[in-house]
Every structure is written in structure tokens, then in C-alpha cells.
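All remarks here apply to the structure that follows.
Letters A, B, C and D name the chains as they come in the text, with residue numbers starting at 1 for each one.
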Amino acid sequence: MLQRIGFDIHLAVSSPTMLVANLLVRPEFQRDLRALEHLSISPELVSEAYSDPFGNRAVRVAIPEGVDLVELSLDTVAYYSGEPDPVVPDAEQHPLHELPVEVLQFLLPSRYCEVDSELMDYAWQTFGSVPPGWARVQAVVDAVHERIRFDYANARPTRTALEAFREGTGVCRDFAHLAVTLCRCLNIPARYVNGYLGDIGIEPLPDPMDFSAWFHVYLGGRWYAFDARHNEPRIGRIEIAYGRDAADVAMTTVFGSHELRRFEVTTYELPDA
Amino acid sequence: MLQRIGFDIHLAVSSPTMLVANLLVRPEFQRDLRALEHLSISPELVSEAYSDPFGNRAVRVAIPEGVDLVELSLDTVAYYSGEPDPVVPDAEQHPLHELPVEVLQFLLPSRYCEVDSELMDYAWQTFGSVPPGWARVQAVVDAVHERIRFDYANARPTRTALEAFREGTGVCRDFAHLAVTLCRCLNIPARYVNGYLGDIGIEPLPDPMDFSAWFHVYLGGRWYAFDARHNEPRIGRIEIAYGRDAADVAMTTVFGSHELRRFEVTTYELPDA
Amino acid sequence: MLQRIGFDIHLAVSSPTMLVANLLVRPEFQRDLRALEHLSISPELVSEAYSDPFGNRAVRVAIPEGVDLVELSLDTVAYYSGEPDPVVPDAEQHPLHELPVEVLQFLLPSRYCEVDSELMDYAWQTFGSVPPGWARVQAVVDAVHERIRFDYANARPTRTALEAFREGTGVCRDFAHLAVTLCRCLNIPARYVNGYLGDIGIEPLPDPMDFSAWFHVYLGGRWYAFDARHNEPRIGRIEIAYGRDAADVAMTTVFGSHELRRFEVTTYELPDA
Amino acid sequence: MLQRIGFDIHLAVSSPTMLVANLLVRPEFQRDLRALEHLSISPELVSEAYSDPFGNRAVRVAIPEGVDLVELSLDTVAYYSGEPDPVVPDAEQHPLHELPVEVLQFLLPSRYCEVDSELMDYAWQTFGSVPPGWARVQAVVDAVHERIRFDYANARPTRTALEAFREGTGVCRDFAHLAVTLCRCLNIPARYVNGYLGDIGIEPLPDPMDFSAWFHVYLGGRWYAFDARHNEPRIGRIEIAYGRDAADVAMTTVFGSHELRRFEVTTYELPDA
């Protein structure tokens, strides 16, 4: 089964500057692409692809003097299995000292995930009596899904998990940040994920298409996807990047003043051939 | 020239839990040790040494049921050159697109360093007219040194750079966080450093001995140490760990409730043999 | 400017077994692709993409009981600049202790590169009086190009540099192995490269199209391509993988008995659109 | 229980050159040291510690013009458990496609381990009927132990596994190389280990003390030590370095002509305090 994915992003910039894009799919998803994944940059500028510390496929673009608008676009096709997110109620939570050392960084506080805050007490008071493992993560997801009201109009790129918790409003990144933070409070490694998520198998979404944010938790020796905004298994997630939180995987980072002029994301199911 | 370094830290814990210690010197400083660097753990507990994502030498300790106090201590001797921190006024700031990709992560916002805040405007308004490179970093250090009043009594482990900026008070970690944040705002990669810094060559410090925090900036193809708290070249820094900010390199992280019962740090010059 | 690249490889295997393919272009060359780089595997088998220790994009394929033929194919289009290999006669040889530690592994003996052999004395006697740096590497390339007679009919997958030196015959991998070995003897880091190299800008090659092997040397702070088989700057190299020698970057490794049934490589210039 | 370990190595060199030493214990063994592990270098020369691609703790030393003798020494004390090497007959061999990708490099041919040779057929003919896993590895070790006669007088630093197999003579590194090669032929990841191994719990060895070589195989999700020279569980192995074979972990590599003037290794049991 196939979906079309891509975007068209226009950024007005004050040159010279540099732009870092996290807009290519994760290495694990490259094998699923069925058309060229070409990040088109207009005007043509010197760019360099690299792996960031999380293995995401980043591209940096030098923007020379005189360039005041940069257009990034991509249009490709990805295979997906058609299976919904796995549900594995018996996936166990690892005792801390048995976690692989590589995942320990996903227990620490990060820019938008204040593990070292009042959320710690909240987490233990609210979820401490739920059995550890899958059930406890699901309880976190349920609570976050309840507490935050989705509101595009009210998005704020610097809103932290604690702020989202207090304000009770947010967009998909806020749902993810709060859930990630609570899982870390509960000693469950959790990381933030950016990617494509179309409305496959559900009521068509009224929102304009956008990237989506969800999160991974480490249970039973592997990472599982959870989604506190939608709180139901979904079909066809294509991962772009993951990190400690949104600060690590911003779709575009411009190092200087800039303005978003256009932001269109494509992600829809293609009819069977 | 030699200094004695070490510590004695007692932590009351609610077991079972895990403790992660960032208390061994950085690999670059191991060659300078002149006595065994043995992290003594009492009671004897299963521990595992590993390299964290920044190459720091971390140790994790499984604390089983029934243990309610853990004592960590170390006592060793380190050589130091006797030279003060280098001052290299002509160390140049790299254009962003010429930075090694490995250092880009040290431009991003992190837990205690809100690059994505009002500090961005402050940074450019205040330091934008200072020549880039060493002079601009020194201007940041001067400003931070002026703005924050050192006050041990007023320490708070979750204080961020922006909070320190507003409150005008802090300890060495706050000086470092604010300076790191401002450097990142100005597109200069900066990382937070923990280590030993005795009062060698200066007036003896009235404070009890403690670990110290300073920071590194990337100029002219290498990392240089700056110290916004002391704002003068110092002798004999021994690095323990560096990371994006203090969240990455906490001396001890206990994953559960705990209390610090004792915290003594040793760092003093030894007389010539 | 564009070239079409790809292959069709059929392997008869004794299942169950595993196959590792090093057949995707290096990460640095992905941005140059202008069509989907899809490794087609027939029959459809479970595969996993990963980064090997050199950053090459490897794929491993589990071949279950009952499968006796595996077909691997790929057909894509790559951009190339049209510029010939750079010639930089003043690229300097680094003193050994100033080499980045990451490149030191490319000075050691490896499976097909017996640095620890009589080639050491030969290297110093023959090239010791040539000025170090680019000129010395070029002298090595000239000598290897002279000494080995290209002979497809006489290929042997286990021929080492020393054997090629003695036998005076070989294919492109033997040219590369011998040149790599001699450079390492002379304290110049050298690594083996596999890739596509069409006959762009030269007399059409009479041979069937094939992958090609060349090598990199580290001079003046970066890696440069040299080609001891052709010994002239060429246009349009597309790198697939590099490593210590051919043992690290075999196009296909089958862990068990197998036989090559078909091996066709595509690499030719496309007419301007 | 404690053992004293260390060495005194003198090398006559033609300066200027560089020396790389793999003479510090593996990071996993640092916690077991009970005295300072100081690599003393005489004369005092500029040195740099680094991690090699296998995580071994290497040191490189710049040897300037005019230095014609370099002395390396170390004298420390290491704790050991007193337990013999584990014997785990039910440790299972992983199907190839379930091996972690990180261990795949330890299946490939390397400088002294010609997996791609007649040893492949020998391995399958000789061990193909032995049950896979621990028993098969033990059969390899038995066969190598039988086939090679230990003979210090007949050592040769460039002897490969295949040569040792044919010549029937060798020292501990040859036992290890042949066993490693045969395990790899049989699809069992195997790596070469250098370290200290005193004569604890056995008849005192008549040989002068020396470093020892053994090997690791990957079974049942972890690495186990095997020793084809001694072919019995031993007590008190202290690992210095591991790699694909001895080419990766030479105790000392001098990049230029040199001569070993002294080579003394210390490794003996200390009486209980």
C-alpha cells in the first residue's frame, strides 16, 4: 500500500545564514520509498547531508548574501504495511539497571520536557498504582489525551511539557512532550518523533495536512510508537526524525531572523495500482 | 605540579533504584592522573562503567532493595601544567556552514539554555556590534559576570539561563548556563563543563570546596574554556564531563526519591615533592 | 550532467543463509541521485538496512529455507559535476602525530594489504626519495600502473597486494590494493573505494561495464581519490562504499555456498535533457 | 583477589616517528584496578590518549628527531574475582540474520584470519556435524589446540591463521588467529583479544611472563572468552584490547624502523592482604 508524502516550505530569510533541515525520512524508512526522495532547494544552494547524533538524516544549507527566500520541497511515495500500530500489553518495563546504556539519555530532562519539575510528583501520584510497562504508558497517554485540548490557533513553538500541562491546550508536539516527560518521570525511556501521518483508515481529518509528532517508549527490549494526541492505533506512520524532544528535530532551523511564508505538507493514501 | 582531587558524597535513597554517577575525569585528563582514580562505592554494589553520548565516563550503580544509604568517594592526584587558561584574541568565529557537523548540536536549545527565548534579542542587541570571535565571547562573559551575583544560599537545581538572567543571582552553573545560551544565540557553539577548579594562584576562596562549572566555546577549530563566574584565566582545571547543559552531566542522578546527606569536594594544590 | 547507474545480480544460494549487500551509494552521494535508489530483491525477503563501521549503507537479507536464487537489482540516475578528479600537487602529507586519530586505522595492515611485508622495504627504496605528499602518492600510482597488467581473465577474489605485486597481473581491485598498501607503508593513510565509474570523457571502454575500485589518500586535511588502474583524472565517480580493503566492502557477501549466475552493471552518461 | 600487572618495554627507534601503544586495560576493566594505571614514557614525550574504533584505549606518542630509545612501563594492581572462565554449554548460536549488526564485522576476513581460504572447507568438513553453539566452538578449540604445537622459538609476527594451520606451530596469537578464523567460517562472530593472563590456579608456567592472546565468540547474546592455546578455563584474565585480529591491537606500533631492546611483562598473583 502506498502513500504520497512531501512538502513545500518557503522561508524568508536575512542572509547570510545557514539552514538545517530535518526533512528526510529516517534511515529505517528509506527502504520503503517507492520514488526518489529529493530535497529540492530553490535557489540552488550549496548543501551538505549528514547524520545527526540520533542518526537522523539532516541537511544543512549555506544561504549566501543576497538570498532572501528559500524554497524547500519534496514529493515522493512510500510503502506502508497497512497494519495499525502494534499493541503489546505484555511488553515489560525494564528495571533501570537492565536498560541498555544507550537509552539512558532518554530518561533525562530536555528543553521541552521538564522531568525535574512538579510533573515528577504528579506522575507518581497519578500513575504509581498502575502496573508498570505497557499499561502504565497507556495510562499516561489516556491522561494526556484527556488533559490537553487540541487547538491549532493556540500553538506556541516554545511551549514546554509543564506549560502544556498547566495551560491544557496544545498541538500534537505538546501532547508528545507531556507524555514523554511523564514516561521519563516514571523511569520509562521515551523519545520524541516527527513524521508523516495521514488519515488512513479513519475519518478524514478536517485540519490542513501537516507533519505529526508522536513518541516512542522503550519496553521489552524495543521501541514502540504511542500517540497521545490521537490515542488510537493508526496506520502508515513514516518517521522523519527522533530525538530528546522537538528541539533536536526541528523540521527547519534557520540561524537568524526568518519568517515562514508557506508551509504545505502532503500525506495521503494512493489508490491501489 | 600536582593537586589532590576527590569527593565524599552520601546519598540517602529509597531502594530499589539506580544511580548514575558522572564523577570520573574526562578521558582527555586520565593521562594526567598520578594516583589511582577509584570510585569507591559503599556498600559494595554492582556497577557498570560506560561512555555516555558525549564520551564522558559514566558509572551506573544498581541499588537493590534494602539499601538506604550510598556513599561514593574518590581521592586521587592530578598533574596540571601550571599555565593559566589560554587567551587567544585572534581565535576566529567560524561561518555557520563551515562548522564541523559534530558541533551543531551545541547551537541548539537545551533544558537549561533557552536559546529560543527573549535571550536571542538581548544577545544580538547587546553583542551584535562587538567583533565576532573571541572578543564577542569575552563580551558575553563580562556581561554575565556583571549581571549575576554569586549566592550559594540561593541555588536552585532547576534554574534555567533565562531565570538566572531575570533573577540576577546564581551559582557557577547559572553563570555557565547563561553564557552558553548567549553564545549559542550568537551562533557560537558552546557546551557546559563540570570539573575541579581549586584556588591555585589566587586568593584562597572563602567558600567550601566544590565542583565547579564553566563552559567551552568553539572558535578557530577548537574548544576553549571560558568561565563567566570568575572571569579571569585560572590554573589547573580538571574536566569531569561536558554536555549540552547541566542536565547531561549531573554529578549524580538517582532515579527516585533521595536526599543528599554529605557532599564534600577536595581540590587543592600539593606542595612540590 | 546525469548518468544512469545500477546493476542486476543473480546469486544461486544454499539456503537458509544471509546475504549482506554493499550496493547503495555512500551517504555523501545520496543528494546527487535523481531517481529512486531502490534495491529490488526477488523473491521478496525480509531485509534490514544499517550503517556499517565505515558509514557505508549496508543491507542484510535473511534467505529462508527453500530459496535457491536471489536477484538483486537497482536502476537509478545520478548527477555528476562533469569536473575531473581534482589534482592538488601542493596537498601536504601530515606528520604522523598530527593526523586525526580517526584516520590511523587506515595505516594498518588489512586482509589484502600486507603493510607488514617486503612491500615496506620496496616502498621506501622506491619512493623514499620522492618528495612526500601528492608527488609521492602519484609516484606510487605510476609504479603500480606500470607494474600490473590488467587482465580480467586472471582475476582472483583472494589475491592480496603482495601477490599482485609478485604476479604483475590483476584487475582494478588489485591495482587499488597494491597502491593502498604502498601508501600505508609510506605513512600515508589510504582506504579502498568501490563505486561506479563510466567511460565519460574518454575512449569507450571495451570491457563489459562493471563496478570499479579506486582508493582515497589523506593529504592536507582531506581525502583525495586516486586510481592506479587508469592513472588519469576521470569524470563522474559515484562512491558506493569504502573500507580498509575489499574485505570490508564486498558488493555481496553470502554466508554459505553460492554461485554468481548473473552480474551486469550499468553505468553510462545520459544525453542532456 | 589481586594480581600485579605491568610491563617494561624498550624500543630503539629511528626518529622522528610516531608510536601507538595499546597497553592500557579495556574500559570494562578499569573499575578493577587497585593502583594507578600510569603509562610511563621515557624520555618524556608529547602523547595523546584516544579511543580506537573498537573502544580500546590507545596512546600515541610523537617521537621527535634525536630520540633513539623509548621506554614504556607500567606497574599496577588489578582485582579479579577468582572465578574461572564461564562454561555455558547451552549458549546458543544466533541465526545469522538475528545477529546484532554491530557484530557482523567479526565474521569477515581480516589480515591474519583468511576466512576466504581453504579453511572454509576444512571448517565445515570437520565441524559441520558438531551441534552449533558452544559445542561447536569447543570442538574448534580442541582441534586448534591439538594441531598447533606451542613454540616460542618459532614465532613470526606476520604468520596468518592459514600459515599456522599448515605449519602446525605457533604461539598464543597463532592459536587465537586460527580459532577465530574457523569460528568465522562457521558463521560465529569471533574477535581477537590481548591481555594479561597469569598462571593463577595452575602449574607455574616455565615460560617468561608475557602478554597473552585469546579470543571472544558471540553466543547467546554476549561475548565469551575461549583460549585455544590453553584449552581450559583459566582465572584472572585482564583484557587490554580486542579487534579483528592482531593487526588491530598490536601492543606497540612504531611507524618506521625500530628494534625491541627489552620486553618484560609482569603478571602474578598477590598474596592476600
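By our rule, a contact is a pair of C-beta atoms (placed from the backbone, for glycine too) under 8 Å apart; a residue touches a chain by one contact, two chains touch by 3 or more.
Predicted, not measured: the structure shown is a model, and the values here were computed from it.
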Seminar exercise, completed: Those chains that touch chain D and also touch chain C are none
Problem set entry | Chain at maximum distance from chain B, centres defined as averaged CA atoms | C
Problem set entry | Equivalent interface positions on chain B and chain D, same or different at half | same
Exercise. From the C-alpha centre of chain A to that of chain B, how far is it in Å?
Worked result: 30
For this session: Give, as an integer number of Å, the spacing between the C-alpha centres of chain C and chain B.
Result: 45
Exercise. Can you give the whole-Å distance between the Cα centres of chain B and chain D?
Worked result: 38
Exercise. On chain B, where are the residues touching two or more other chains?
Worked result: none
Seminar exercise, completed: Full set of chain pairs in contact is A-B, A-C, B-D, C-D
Seminar exercise, completed: So, in the complex, the side of chain D touching chain B is made of residues 27-28, 30-31, 33-39, 47, 49-51, 55, 57, 59, 76
Seminar exercise, completed: Counting only contacts in the complex, chain A reaches chain B at residues 16-18, 20, 46, 48, 50, 52-53, 58, 60-62, 95-97, 101, 104-105, 107-111, 113-114, 116-117, 157-158, 187, 247-248, 253, 255-256
